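Handing you this structure, nothing more for now.
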Amino acid sequence: MNTFGNLLKITSFGESHGKAIGVVIDGVPAGLKIDEGFIFEELTKRKPGQSKITTQRNEADEPIIVSGVFENKTIGAPITILISNNDSKTKDYKSIKDIYRPSHADFTYQKKYEIRDYRGGGRSSARITAGWVAAGAIAKLFLKNFNIEVKAYTKQVYNIVLKTPYTQLNLSVSDKNNIKCPDEKIANEMENAIEEARKNGDSLGGIISCIVENCPAGLGEPVFDKLNAQIAKAVFSINAVKAIQFGDGFNIVNFKGSQINDEFIMKNNKIRTLSNHSGGIQGGISNGETIYFETAFKPVSTIFKPQKTLKTNNETVIFKPEGRHDPCVLPRAVPIVEAMTALVIADFVLLSKTNKM
Amino acid sequence: MNTFGNLLKITSFGESHGKAIGVVIDGVPAGLKIDEGFIFEELTKRKPGQSKITTQRNEADEPIIVSGVFENKTIGAPITILISNNDSKTKDYKSIKDIYRPSHADFTYQKKYEIRDYRGGGRSSARITAGWVAAGAIAKLFLKNFNIEVKAYTKQVYNIVLKTPYTQLNLSVSDKNNIKCPDEKIANEMENAIEEARKNGDSLGGIISCIVENCPAGLGEPVFDKLNAQIAKAVFSINAVKAIQFGDGFNIVNFKGSQINDEFIMKNNKIRTLSNHSGGIQGGISNGETIYFETAFKPVSTIFKPQKTLKTNNETVIFKPEGRHDPCVLPRAVPIVEAMTALVIADFVLLSKTNKM
Amino acid sequence: MNTFGNLLKITSFGESHGKAIGVVIDGVPAGLKIDEGFIFEELTKRKPGQSKITTQRNEADEPIIVSGVFENKTIGAPITILISNNDSKTKDYKSIKDIYRPSHADFTYQKKYEIRDYRGGGRSSARITAGWVAAGAIAKLFLKNFNIEVKAYTKQVYNIVLKTPYTQLNLSVSDKNNIKCPDEKIANEMENAIEEARKNGDSLGGIISCIVENCPAGLGEPVFDKLNAQIAKAVFSINAVKAIQFGDGFNIVNFKGSQINDEFIMKNNKIRTLSNHSGGIQGGISNGETIYFETAFKPVSTIFKPQKTLKTNNETVIFKPEGRHDPCVLPRAVPIVEAMTALVIADFVLLSKTNKM
Amino acid sequence: MNTFGNLLKITSFGESHGKAIGVVIDGVPAGLKIDEGFIFEELTKRKPGQSKITTQRNEADEPIIVSGVFENKTIGAPITILISNNDSKTKDYKSIKDIYRPSHADFTYQKKYEIRDYRGGGRSSARITAGWVAAGAIAKLFLKNFNIEVKAYTKQVYNIVLKTPYTQLNLSVSDKNNIKCPDEKIANEMENAIEEARKNGDSLGGIISCIVENCPAGLGEPVFDKLNAQIAKAVFSINAVKAIQFGDGFNIVNFKGSQINDEFIMKNNKIRTLSNHSGGIQGGISNGETIYFETAFKPVSTIFKPQKTLKTNNETVIFKPEGRHDPCVLPRAVPIVEAMTALVIADFVLLSKTNKM
């Protein structure tokens, strides 16, 4: 159950404090040019220790390509990428060995497996998403050949909301600040809010928006692998995600059909829709408009205030963690959302080659 | 891509106006008692023509079990259930043969396959979910052996909202009205709103809530088949779904970690959580609390007001449909949400038998 | 586990004496012309009651296409084909309800499931392969677009062997006799041997040869879905198969490398091999030569001589069956071998569209 | 397509001369004790350079467990094992860069991918099976908990045949000689034959027998994942395999049904069969008898005699390889056959936990 995808498949492995984490990417067509620098750049976007508002764990997060690439090109063989765990301070975690941290996966893993690697959350750690970002980088390289671009950004942190719709934003701005929000002023407010939460030993959640530009019509498979269904599954794989909505999302219920149907029109000799309430997907298949969705991340479960919880022997305990943690995952989650989305789109591009005689 | 599930798998087939629609359910353990009456009851809940607010298409929707059941018990072989399409008025659809109906799947199917069965939406019709409901009925029969119960209800239609939380509702009330809302008064308001929309040739959307009671801790598979990820995929397979949220959902971002963490406590000698902001799932695995999620359905795309759209030859046309359609899918979608959820839970119950030595 | 294939998938369902048996074929590209007459012809080749040497069970075996075909073309939706069980004489089987027939699947099914449909072998009956032949017919229609042809024939029945290599045979002759052997004289001898075995209440096995002509180089997926690996799995799915060999097969061990390597040469401006000891597959991938394999079927387990065996209550019993059975499956197995092979090749043709940038 | 298995899945990666080869093993139940020494021992059995009759490539083949094992126990997370490529003499292979070696996968890979890692066969090298042996070691550790044992041995090399049936052999003898043949005298003859072939620059093939002891009745899934079907697929994944037969195999066609049916009898209060022509599998499901099969390996394609072949530019060339190669793969293939078989059996043990209510 650690494999995701149909033709383009990733297999994730590794624990927070094991030797390494990594990913096997299978199904990448042969002959794709691999730019290792680009993979490293993508990993840098989710790397810990980037700024004062992220965890101070110090990892180089250098991707080691173990297989599948020969003379800078894919050869049709599975691509394995390893990322070492160097700065894994195991001693930090002895104190949580016998504790079920509130809203963490300690308890559920213990119930499921009756054994767990408690160090840094073990397999349930978000550290393993570094492998997904590496895989997503390869998916992005693949998608570039089709001119398809996946771009996510931080839309909301706690009560600070970027209200401007994506159509009116210059998304490249989000690459220039720690928050990955395409509005410098709001990014600044968000950063302050996170910094304040950090000082108070508290944590914040928020919303990430993601768009896919130039996605051709016809991607997505009826009826159980609808494009939105598969993106939803991909995004819910990411730690702390609690919700997702496409196009108008939950808000669409406040309108009548006559208000939110997307009328077909001709534009530059192509069939397009006048509005995009559907978020680029109709009947589970892309319609050629911009794909648009939002996803909510809960506040980080690790807070530095004392909390009541249970020990594994059922005793009540007051718990206050040590170690290093992000007070808000949003900035580092942006590249993960992009990666998982890019993997889904690339998979459907491959599948679409087999739909018609 | 018409198969869903890991060990308990359903394969869906059929088009709105073909000979029949149906489902193959594979992986059901041998020796499960099959109550055909129960399957029929479940199908009756989503059957067309139940009341004036649903489509007047007249289908008996009697399930025919073709295989896999012997002397009223499963034998470990795939169970195939057929449901005939009797009242398929093909003539109603000649008029839409060459039209891309706004916000329907006509255009995306045409782009994907370059051919489509235009009659009643063909494969993209919600009629095929009758098979899923039949499969879900078998999943429910399986889950009864573990005392697990899946229950959904209509929470919102357009701007009429049932604000009472599920913990304070008598959910069995929802079986007694056309809307499947567990509050008679609000159900009445919803019905009136739908009736009014119908009269105006318009359509409404809404929100369905779903809860799973008595789900044991430990269901859900890291890292890509998280319980919420798989439920999300299952629910997004349903026509018209635009959003899903678990536990506090999108609203969780308005709180700080210290406000929404679920503290572990002992209760009746069992480890429980004091609050349930997580919606019964932590780290993608059930924690033994009630699983709770909400999902939004857009207003039905078919409205009986004239709309501008395109013909397949790119000409603009004013379109006003004939035929029979629900002005609001919510009432009939409730059993579909239950069915897809039950299938996911049953699949994970089976998988959980293989997690530990 | 009743689904086979990667992109082109078949899901098999049904028991010998249930309402119907059938198949769902998913992944067939849209726009393939479906010739129902051809499907019926293929089914007729494996139909019971064709001649005195096959079982006298009388089934029309008319395929009913329930879904996935619109105006004689595939639409990208799953194709379901039903075949009714009309002449299922259930009373014949009451006598075997409590008996484990020697070398049948009665005992193993009982151990596996603790329940079984004993009528005619239930799910373990070769009757279900009718669905596979129907699916294989669609695969053959698909392959015709690529000029690829799959052809099997009876090479050996008991001790009567057709020694002529396939390269020197006119394979179309096999369609003209009951045995499906491309040498009329040997076919005649085989038929006599089967008839004699039938009279004696005994049964015979044999060997089927299968070739694939015009298969392009490059089909087959490293490393676990090698073309030979997947064909082997497909063929071992067929009842009574005990062995398979490709190219020179077991006999290759009697030679040295210098004797059996296939030298590359230019022929008509194409890269070919001088010999074909490899049977058209090297490194698990087709090399453009004729694919060639042989598979052994054991003598039918049902014989009409008294045999000692056990009852389900562990008592010893002398068993002599009633009912209708083939004394030799070879003639009816030829179209099944073709069908399963055609399905594998078609699946790999689809996969090959995604191997390269 | 580099993943094999249903619940217990292995994903293979790596090329002969890349950084490392390896495997991810997913689905191993939590709480299995891992004996790293045992994995190393198993790898040593297929290691190159063991004796003068195997390739002199010098690899330590030390397995590095990267993930999934914590304090010597599995935790339910994927287990990744890396094996470095240290002694990869790339320079040896420059000479074959532009040549299609006879009966190798050079040509088919080139046709499939239009690019290939020519060094040592790249992805098509048998070196990657080291990862499978490591995974198989873990499957064996799992099976020990059920007292199931998988044991293979060399039965034939070229024309030297061990005729004694497995029931009369002391299989542990095979661990004591280079050939892994359980008869010292015949092992000696085989070794001499291989040594002579090596001196002549030629190569030999042969037959490996494999048995599974104490396999419980009920393993194997109808209808496409029959136990023999899945073992066949697993074994055909191994380089150079050309044939497989179960029980009496091809020879069964020389007998009548009355001669080869396996009569059920009571033995030590258990249902057993008097004979075992079926090789322990009936209807695709284990019947509790010893599982028995044989598989043929062709002579190694690399020979040190000059051969005519083509260059990638279609020119004819006389080819005589350099480098290091086994003149006969049989001895090193024995642990690979065991590993793939153990993986299949372990997978079906897990699946069998979900067959019944």
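Just so it is clear, A, B, C and D label the chains in written order, and each chain counts residues from 1 on its own.
Just so it is clear, a contact is a pair of C-beta atoms (placed from the backbone, for glycine too) under 8 Å apart; a residue touches a chain by one contact, two chains touch by 3 or more.
All values reported here derive from a predicted model rather than from experimental measurement.
A.B. asks: Report the chain whose mean Cα position is at the greatest distance from that of subunit B.
C.D. replies: The most distant chain relative to subunit B turns out to be D.
A.B. asks: Would you mind telling me which chain pair, A-D or A-C, is linked by more contacting C-beta pairs?
C.D. replies: Between the two chain pairs, A-D has more contacting C-beta pairs.
A.B. asks: Just the number, please: Cα centre separation of subunit A and subunit D in whole Å.
C.D. replies: Using C-alpha averages as centres, the distance is 39 Å.
A.B. asks: Using CA atom averages as chain centres, what separation in Å is found between subunit C and subunit D?
C.D. replies: Using C-alpha averages as centres, the distance is 26 Å.
A.B. asks: From the C-alpha centre of subunit A to that of subunit C, how far is it in Å?
C.D. replies: Centres of subunit A and subunit C (C-alpha means) sit 46 Å apart.
A.B. asks: If you look at subunit A, which of its residues touch at least two other chains?
C.D. replies: Residues 1-3, 12, 27, 30-31, 76-77, 109, 112-114, 123, 222, 351, 355-356 of subunit A each touch two or more of the other chains.
A.B. asks: Using the touch rule from the top, collect the residues of subunit D that touch subunit C in their complex.
C.D. replies: My answer: residues 1-4, 6, 12, 100, 102-105, 107-109, 111-114, 123-124, 128, 156-159, 197, 202-207, 217-218, 220-226, 228-230, 232-234, 236-237, 239, 241-250, 252-266, 271, 273, 277-279, 282-288, 296-303, 305, 307-310, 314, 316, 351-352, 355-356.
A.B. asks: Residue numbers of subunit D touching subunit A in their complex, please.
C.D. replies: 1-3, 9, 11-15, 18-22, 24, 26-27, 30-31, 64-68, 70, 73, 75-80, 82, 109, 112-117, 122-123
A.B. asks: Please output the residues of subunit C touching subunit A within their complex, sorted ascending.
C.D. replies: Touching subunit A from subunit C are residues 7, 27, 29-32, 76-77, 145, 222, 350-351, 353-357.
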